[in-house]
Amino acid sequence: MTWTSVEMMTVTAARALTDDDVCFVGIGLPSAACNLARLTHAPRLRLVYESGTIETRPDVLPLSIGDGELCETALTTVSVPEMFQYWLQGGRITIGFLGGAQVDRFGNLNSTVIGDYARPQVRLPGGGGAPEIAACCRRIFIVMRHSRRAFVDRLAFLTTLGHGPTGQERRALGLTTEGPALLVSDLCIMRPHPETKELQVTSLHPGVTRDRVVEETGWPVAFSGVVVETPAPTARELEVLRDLHARTAAAHGVPAE
Amino acid sequence: MTWTSVEMMTVTAARALTDDDVCFVGIGLPSAACNLARLTHAPRLRLVYESGTIETRPDVLPLSIGDGELCETALTTVSVPEMFQYWLQGGRITIGFLGGAQVDRFGNLNSTVIGDYARPQVRLPGGGGAPEIAACCRRIFIVMRHSRRAFVDRLAFLTTLGHGPTGQERRALGLTTEGPALLVSDLCIMRPHPETKELQVTSLHPGVTRDRVVEETGWPVAFSGVVVETPAPTARELEVLRDLHARTAAAHGVPAE
Amino acid sequence: MSEFLSLHAAVAGLVRPGDTVALEGFTHLIPFAAGHEVIRQGIGELTLIRMTPDLLYDQMIGCGLAKRLVFSWGGNPGVGSLHRLRDAVERGWPRPIELEEHSHAAMAHAYAAGAANMPAAFFRGYLGSDLAAVNPNVRFIDCPFTGEQLAAVPALRPDVAIVHAQKADREGNVLLEGIVGVQKEAVLAARRSLVTVEEVVNALPRTSPNAVVLPSWTVTAIAVAPGGAKPSYAHGYYARDNAFYVAWDAISRDRGTFQAWIGEHVLSRSAEVAS
Amino acid sequence: MSEFLSLHAAVAGLVRPGDTVALEGFTHLIPFAAGHEVIRQGIGELTLIRMTPDLLYDQMIGCGLAKRLVFSWGGNPGVGSLHRLRDAVERGWPRPIELEEHSHAAMAHAYAAGAANMPAAFFRGYLGSDLAAVNPNVRFIDCPFTGEQLAAVPALRPDVAIVHAQKADREGNVLLEGIVGVQKEAVLAARRSLVTVEEVVNALPRTSPNAVVLPSWTVTAIAVAPGGAKPSYAHGYYARDNAFYVAWDAISRDRGTFQAWIGEHVLSRSAEVAS
């Protein structure tokens, strides 16, 4: 079997989800990971989309967090103010998926600007729900493609708090939620060091060398004491994922991701 | 035609309502007055009950603000938090009906205790929605039976702000709503003096003498320059009101009020 | 996931002596059956929370279960006072009761703040009212943008919230319809919650995409209790027993008749037979 | 009472140069037809407010109508950047644009505060984020009960809110169903409001007693605009045109192709023919 790096990321992220999780799902890869998990090992996994759809069971992947199918298959759909007040801030979400243009070694994220805020080289979409997702979900999973451009030593702008600029600010702010607990890239899996909270490589995807990760990371990346190999995607995982994308492409009339 | 003092009060209060009003309806007499107005001269009058029912058109009078019929005939029913946030505090209610165990000359009301708060002679039901109804509705209509016991010189407890203890505190607090604009009792109609905000008798109900009002008021009651006679209830008003009460009694299996 | 239990087991498992308990219902869907089970099990020293304490709280207070009441309007709507409540407040019978008194707007906001995991609620409240002076849990802040003085009250976070609803599905999701009051907020604000329902259905009816639904993972336990709101009512099931609300005035006025009624209609009945 | 008007008359009557305007829609029911009419009438110097500015705002900004944007996430969902927005922010084309940037939670709370006539919204927000430092409209207060630091943002009170909904009845009451986003809050928070609808019916269907309904007395004007949300979608009427959202990336990337598209699909069409 062969698979793409995106498939590897999706499968790896999906495996981290359990039957008891309630996921706040962003668009793109996190949406695919959550739905893959729901269709394979975690059928009771509950998906909540920012648009207000609660416990939705889409048959195709939504292109946006507000697609019609999300509402049609949801247990109910609440207003956006209620979603952010009672459900996100209410502490009912166990896993929040986040990504960004830039991430640093402590899981802080930038989705605002590259360059100076007032006159940016690149104006990014903005934080959206991320700043409060990061604070209110019990745990954060970061899912991003691994590159020096994205994995930076210093963020141009700290949009979304991970463990904080030095890894200790989150705790100092008195937040009771865990923050980034897992980072899945197309090269490896990273988890925060228990004390320093610095993200360390704990697993390399099949065929990925340590040097490759060092090369693609903008800070002197650390490896945990034991580094394992991420199990390859199974035939079943790939089959379910590819069916999902095929159904989505057919439904949306857009090329499968 | 003969009529009861309660009927006189109900008819008089109903006449003060117009097609453009949105009323926050309490139970008892205000509910009868609003529904009478809606069934006679103000068919487009809109009724909103504290329980969340918006623009409800009950065919019988509710015994409570949460009766089933209110919901069944409402345009929609919102939660109680939304009722107090978006509808009452949102400033969408033009008329708030209030009453209480005690009222003073500036339209302040007591529905909390008679005697000392910590060890009251009489523990009353409490303010309920009144304190915020008084602040947020554009105008307040007070409807109460006239007696020295209720119309007091000094309240035992100021539950709900009228124009304030000296008549000037409301304005001083920066409230932009009008406060008590009308008091209807079973003896007369009273309106606040433009400057002092002290309630003055502006109309005496048929057969009621000035002395009677003086006798039944616990403060040296003032009469406005011109005091007219409240027009007697018309045959139609009484017919519609009595039908309404008859339907209510039949529906609730309780004696008509 | 919510667990289906008998009413007896649910109350025994969720409600502990000394708890703060909210049995909410804004005239509609009042959880009488569950409240009567709390009386039968004699779970005392409770702090009862309720915007509009009515007959059920009059009964629980009259049975001496409550040491404290957090409320905003206590009465028999359209009829008169709650005599057991007044007896406790005015004459300390069967035991003295502390009061924490708020306005409806304050408690509605406080429940919403509890559901939103906020420490407090902020709103335009208590202006010129003595209520603020007699309740240390009413404070004020200045708006950081306009300087306007706003009222602040602590969020309500009951140990247990008990509500009644029309339907639950097999997975334990709950549908509330009609006058929904603060029931959703009370359940979401509480540490533990019990929902008694009229019936269990295979799947909740998809009346509207925006129906008021409590997912199973927000409810601790569900007990089936047809008629569980009587003499209050359940939209779509049975009407409000207004005649009983009127009759309660006489029943509750005298301590003896009250105790006799409780003995006959509550204590001598089992949980599964709705009163 | 809401007034039934043509789309042309409604926009001309309600939207004035220099207004703050919210055309809200959280991916669903986005009021494209009304937004295109604003473009056709060239109403400029606007402060545009929108949680999730997408294609419609890209078009309005690309046509130079906006001097300022209040937003929390600006992009083409699932596709990429909004090229006209980036051109305005990064290169000041067709004119420079000021940004007031918030998080979704902040704007959702701010709309609710506006609907509730509050001066500001309070919530647990912006913790450890630089967004608070670049936005003077993000301040903090200490909870008077727990001392916890809470974020405060001014309430959103647009001069005009424009939303699209499925149905209005003859009296001008409006039914919104599905993903309702912040549309109700935006209308209730605004001074004036326009609702474009798919159709007018004799009476709104009584799907649920708790359906999301805007009474006629909370809406200034209603214009019938079938297909008025396309290429967004209307639950129960038509699906989202995902293909167009993808195609927009190429159309908007170049200034010339963008202007040609606007000329052909917006300026040369009349209000009553949905784009």
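By written order: A, B, C and D. Residues from 1 in each chain.
Simple rule for what comes next: a contact is a pair of C-beta atoms (placed from the backbone, for glycine too) under 8 Å apart; a residue touches a chain by one contact, two chains touch by 3 or more.
A quick map from chain label to UniProt name: A, B = 3-oxoadipate CoA-transferase subunit B; C, D = 3-oxoadipate CoA-transferase subunit A.
Values in this document were obtained by computation on a predicted structure and should not be read as measured data.
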Task: Chains touching both chain B and chain D - done: C
TODO: Could you see whether A-C or B-C has the larger number of C-beta contact pairs?
DONE: B-C
Open item on the list: Taking each chain's centre as the mean of its CA atoms, which one is most distant from chain A?
Closed with: B
- [ ] For chain A and chain C, let me know how many angstrom lie between their CA-based centres, rounded off.
- [x] 40
Task: Whole-Å gap between the CA centroids of chain A and chain B - done: 57
Task: Inter-centroid spacing, chain D versus chain A (mean Cα positions, whole Å) - done: 28
Task: Numbers and ranges of chain C residues touching at least 2 other chains - done: 112, 116-118, 123-124, 148, 178, 180, 184-185, 209-212, 235
Open item on the list: Using the touch definition from the top, which residues of chain A touch two or more other chains?
Closed with: 71-72, 77, 85, 89, 136
- [ ] Chain pairs that touch, all of them, please.
- [x] A-C, A-D, B-C, B-D, C-D
- [ ] State the interface residues of chain D toward chain B in the complex, per the touch definition above.
- [x] 1, 112, 115-118, 173, 184-185, 188, 204, 209-213, 215, 217-218
Task: chain D partner contacts - residues on chain A that touch it in the complex - done: 27-28, 50-53, 62-68, 70-72, 77, 79-81, 83-85, 88-89, 108, 112, 117, 120-132, 135-136, 157-161, 164, 169-170, 173-175, 252-254
Task: Touch list for chain A against partner chain C, complex - done: 22, 46, 54-55, 71-72, 74-78, 85-86, 89-92, 136
Task: Residues of chain C that touch chain D when the two form their complex - done: 116-120, 122-124, 137, 139-141, 143-146, 148, 150, 152, 154, 177-178, 180, 207-212, 235
TODO: Give every residue of chain C touching chain B within the complex, in rising order.
DONE: 26-28, 51-52, 71-75, 77-79, 81-82, 85-86, 89-90, 101, 103-105, 108-109, 111-112, 123-131, 134, 148, 178-182, 184-185, 212, 233, 235, 239-240, 242-243, 245-246
